[in-house]
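The structures come next, written out as structure tokens.
Both of the next two complexes hold chain A, though its partner changes from chain B to chain C.
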Partner chain A sequence: MGEEKSSRPRINLIKAHIDAIGAALRRMTKPPMTLMFPDYEEAWPEGYRGFILYDYDTCIGCSLCAQICPARAIKMYRVPGDKKMRPGYNVGRCIFCGLCVDICPVDALSYSYVHDEVYSEVKPMNMDPIDWTLWSKRIKEKEKSAKPKLKPVIDEDVGLRYEVVKSVEGEK
Partner chain B sequence: MAIKLPGMYGREVGEREGYRIVELFIGPQHPASGHMRMILYLDGDVVVKVDPDIGYVHRTIEKLSETREYVRVISLIERMTIIDACNVTLPYIEAVEKLLDVEPPPRAKYLRTILCEINRIASHLYGLGLGGIFLNHSTMYMWAFGDREVFLHLANMLTGARLTHTYSVFGGVRRDLPQGFKDEFAKAKRYMLKRLKEYDKIFYNNPVIRGRLENVGVLEKEQAISLGATGPNLRASGVYYDARLIGYAAYPDLDFRPVVGKHGDALERIWVRLREIEVSLDLIERALKELPEGPIINERFTKGIPPKVRHWFEKGFIKLPGGYVRLKTRAGEVITRAEMGHGEITYYLVSNGDIKPYRLRVVTPSARNVILFTVLPVGHTLMDFPAIYGSLDYFPPEADR
Partner chain C sequence: MEAEGERVMVLEQLATQTGLPEWLLRGVLAPLVYPGLGAFAAVALFIIWAERKIAAKVQMRVGPLYVARRLGGALQLLADGIRITFQEIIVPVTVEKKAYVAAPIFAFAIVAASLAVIPGGPGVYGFSSSVSLLVPFALLGLIPIVIAVMGWASNNKFTYIGAGREILVTVAGEVTLLASLLATAMMYGSLDINKIVTMQIRTGIPGIVVNPIAAFLFFVAALLMTDRIPFDVVLGEQEIVQGPYTEYTGLLFVLNMALDYGKLYALMLLFSDLFLGGWMPFDGVLLGSLTVFIKTIVLMLIAIFLRSVYGRMRIDQIASMFWSRLFPLALASLVISAAVHVVYTP
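Take a look at the complex of A and B:
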């Protein structure tokens, strides 16, 4: 079965071996495209969809965000002393699709550039409206953290090159 | 008398021409792709029968989509193939658009095409990388996954997410082309073309790889058609067929020609993937050049936006109207198809005029390609089995849904 199929032009074995080794060796001279993550963080492009931030004062309590959320990460809560229903946020369920931000009619929701947080318990991940507002302020502070940020730029030679930027630019 | 090996169980299942046949279980956890078990029947070292045991990552996506509003289904079906998120959702979006009688503006169609092709390149690089590691070719694995990062960066620039983009929505797309995207892509294209030459040297023309893949798992043209193989696996057998030729999104304007191989062996399937990356790069370049001006979402969905948030449209973002959550389609049935990185995906959407799909049937390319496992390895040695598996670019979460 193999005989009649081998109509593909044969390759020069020695040349092909040398080519393969040569390609690997040439690549060794190029710098790696690795981001050394814990020491450096990637500066995400504008409009990156990280955690969803909430502004209590702008919110009109229309519940559209809770209705569109595909993962039911946003749910409506009753807040004591407030006539309107307010959205609460479950970080553990969020899939970062950002549809809630797109449908919010008053810009009470916004994206952040942060998408990693460590929790030792499950309970604090599920936030009511008040918690979410306070947490959003904390995440905004974290965005400006002192960790060095590197911005990926496509390089014709290496693929991705990381350029140092002072902080994340671009405001929402 | 059972032979016990760490992680595998072998038992005798019978005799064939005086030799004992051994049953060998591979998986469901194995060092490549997702969870899937292969039950091989071996006569000595020769495979006599393969029984692919699928279903380990079944998540009832079809049934779950019946319980959600149309817009909430988008990010659910994305989970079938997160490495190919735009291609996998596009036919669903088009099906719902047909039932809503909404046509996306031309610019949105082009932007969808651009992201689909970026996804296809990333998906092929993923497949090539896994194909490499199946043969213990770690360099190919590292290179392909590294270069995939370039295209994930492009997708990230365009959509704001690396993998699950949720980019296409009914009536258009969610983001306009960002500043500097064209320059970044031009650099990525030049880089990738250079890299493809290196891939040819280190993988496709490497005598070690040739020895493992050439004339292994040959799929004849007639057999490929009768088994219903799809995608690069079908085209590698010499069949001129690609769902992009049907002409969805902006493909009819872009003068698209599919890559067709002729030998049908494992090496040819790798070759088709490598050449398809070139074609996809050309398609994106042409789409960026011919990108029409205009809105990115149908006017029907921009009418009701409050003036306070209209500033988002000038920045290249969109705002969805409140009625978007409970979109009501007309009752009807639609079938849509699209070409993913792995092959052709088909959606059959039935609506009874409600806010949720009545039934959403998905036939994914991997589900169609899984039958090749029962045919191709038979007669080959056990050593050839990973080579065939790697060349098929099978993606279990997609097949199991």
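Take a look at the complex of A and C:
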């Protein structure tokens, strides 16, 4: 024990305490680096994969999307009054891999930038084709009414800072 | 002494108007309103909010914000308090029921009782006696026993460990606290808190100037006794959840939370009376009380600010620091007191 103590570097205790308190006080004067989420959003990178949107009129009902989906988030449904099978979407199962969008031969599926929806039940997350179409319209609206976008900037002084992005790149 | 007379007048008037004996009014008003529980509730709501806000500032976060956004989230604690008060109190089947329920109530009652003798302004006290300085320490010294009972009754490993640590910490800290107290009493040559404050006012020199070491030791020991952060081994959130309070929910947990802040409040109130001259620049009841109150709040703010400065110390580090560094300092402060007590001899 005694030997360990003697090998320790000697520090000036009082100065060390004053330094520590000073450092804390100095940091109190700096602006917070919090992203105030519901009021501001982080700018989306290009090619961001959010919820999958579905266009009922373009779809030809080939069911390729349901076959490729690794999470079995897409299932084919029969819609009354429609000869073709139509895909339905379970947003709770989706892992946002984007394979369905890639494989769709007619581009009936597309990515959105929205990733934040809250469901208090499991049931509404599993949508049939009609629900999916309506839901896609709603998500598109949500995309349009976007909050101010911020992007992180490395700051010498603070470490990280968020700046408002003027023209949002990557927005469709 | 004039201030004393004035206050007695106020209370006497109140007593004649209501037809109640004056000692009863004093004994009820002081522990329940000011400097007692009413003032403490306001202080606790403010201080816990400030604690979160200051820690957030230092860590460059925002802290509580959404409850009363314009005030910077100042009502957050009120909201939390209301929620937790109406939460169900879950009593686990394995606990020793009577002791489990009684311990937090008893512990908090002890803190509240100690507020009866600490003056919060000129003549604003519940009871005065020639040994009133000893009363809060005697009472606060009982709390570790109650906490040990709490930990034992909860019948849980975390609470056992927490209770054991509370005993260890008390053994380490109480000696320093009492030694600094002894130095203080020696410096003033009195054990009456009211008299100590009037002495400081008469000479115009606050105790912290005459014996800074005693004041420093008192402050550090107070941090240890109230589980503030450099010494928060008892609660030890990282490894033993909430220490002795782990099994508590709802109102009983609120009492436990309030216990530590209550101790801090009582000790800092005492600090401003003993070392900062109490209601020093003022004589009136209202201004004097306000001065003591503000001094106390500033001291508490310093105590909670230290939370974001220091990391936690190990138990053995705390024990060795208190016994081998601070205890000799306490002896030194005794020597200083012996040398300088002429300042306060009339």
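Throughout what follows, the second predicted complex is superposed on the first by the 116 of 172 C-alpha atoms of A that agree within 3 Å, B and C clash if a C-alpha of one lies under 4 Å from a C-alpha of the other, contacts with A are read in each partner's own complex, and residues count from 1 in each chain.
Basically, a residue touches a chain if its C-beta (ideal position, glycine included) is under 8 Å from a C-beta of that chain, and two chains touch if they have at least 3 such contacts.
Treat the numbers as computed from the prediction; the structure is a model and nothing was measured.
> Under the stated touch criterion, which partner chain does A:Ala108 make contact with: chain B (first), chain C (second), both, or neither?
Neither partner.
> In the overlay, answer first, second, both or neither for which of chain B and chain C A:Arg27 touches.
Both: A:Arg27 reaches chain B and chain C.
> Quick check on the superposed pair: does A:Met36 touch chain B, chain C, both, or neither? Answer first, second, both or neither.
The answer is second: A:Met36 touches chain C but not chain B.
> Which of the two partners, first being chain B and second being chain C, lies in contact with A:Cys94: first, second, both, or neither?
In the superposed model, A:Cys94 contacts neither chain B nor chain C.
> Quick one: classify A:Leu150 as touching chain B (first), chain C (second), both or neither.
Neither partner.
> Does chain C touch more residues of chain A than chain B does, or is it the other way round?
When the residues of chain A touched by each partner are counted, B comes out ahead.
> For A:Arg49 in the superposed arrangement: first (chain B), second (chain C), both or neither?
A:Arg49 sits against chain B, while chain C stays out of touch.
> Is A:Pro70 in contact with chain B, with chain C, with both, or with neither (first, second, both, neither)?
So A:Pro70 only meets chain B here.
> Do any residues of chain A touch both chain B and chain C, and if so, which are they?
Correct list for chain A: 20, 23-24, 27, 33, 159.
> Looking at the complex, which residues from chain A come into contact with chain B?
Chain A reaches chain B through residues 1-2, 5-8, 11, 13, 16-17, 19-20, 22-24, 26-27, 33, 44-49, 62, 64, 67-71, 95-99, 102-107, 111, 152-157, 159-160.
> Okay, in this complex, where on chain A does chain C touch?
20-21, 23-24, 27-28, 30-34, 36, 158-159
> Per the contact definition, I'd like the list of chain C residues that touch chain A in the complex.
By the definition above, chain C touches chain A via 54, 56-62, 305-306, 308-310.
> For a test of understanding, state which residues of chain B touch chain A in their complex under the given definition.
68-69, 71-76, 139, 143, 146-147, 149-150, 153-154, 156-157, 160-161, 164, 166, 174-175, 178, 184, 187-188, 190-191, 194-195, 198, 201-202, 205-208, 210, 214-215, 218, 263, 265, 267, 305-306, 308-309, 317-322, 324-326, 379
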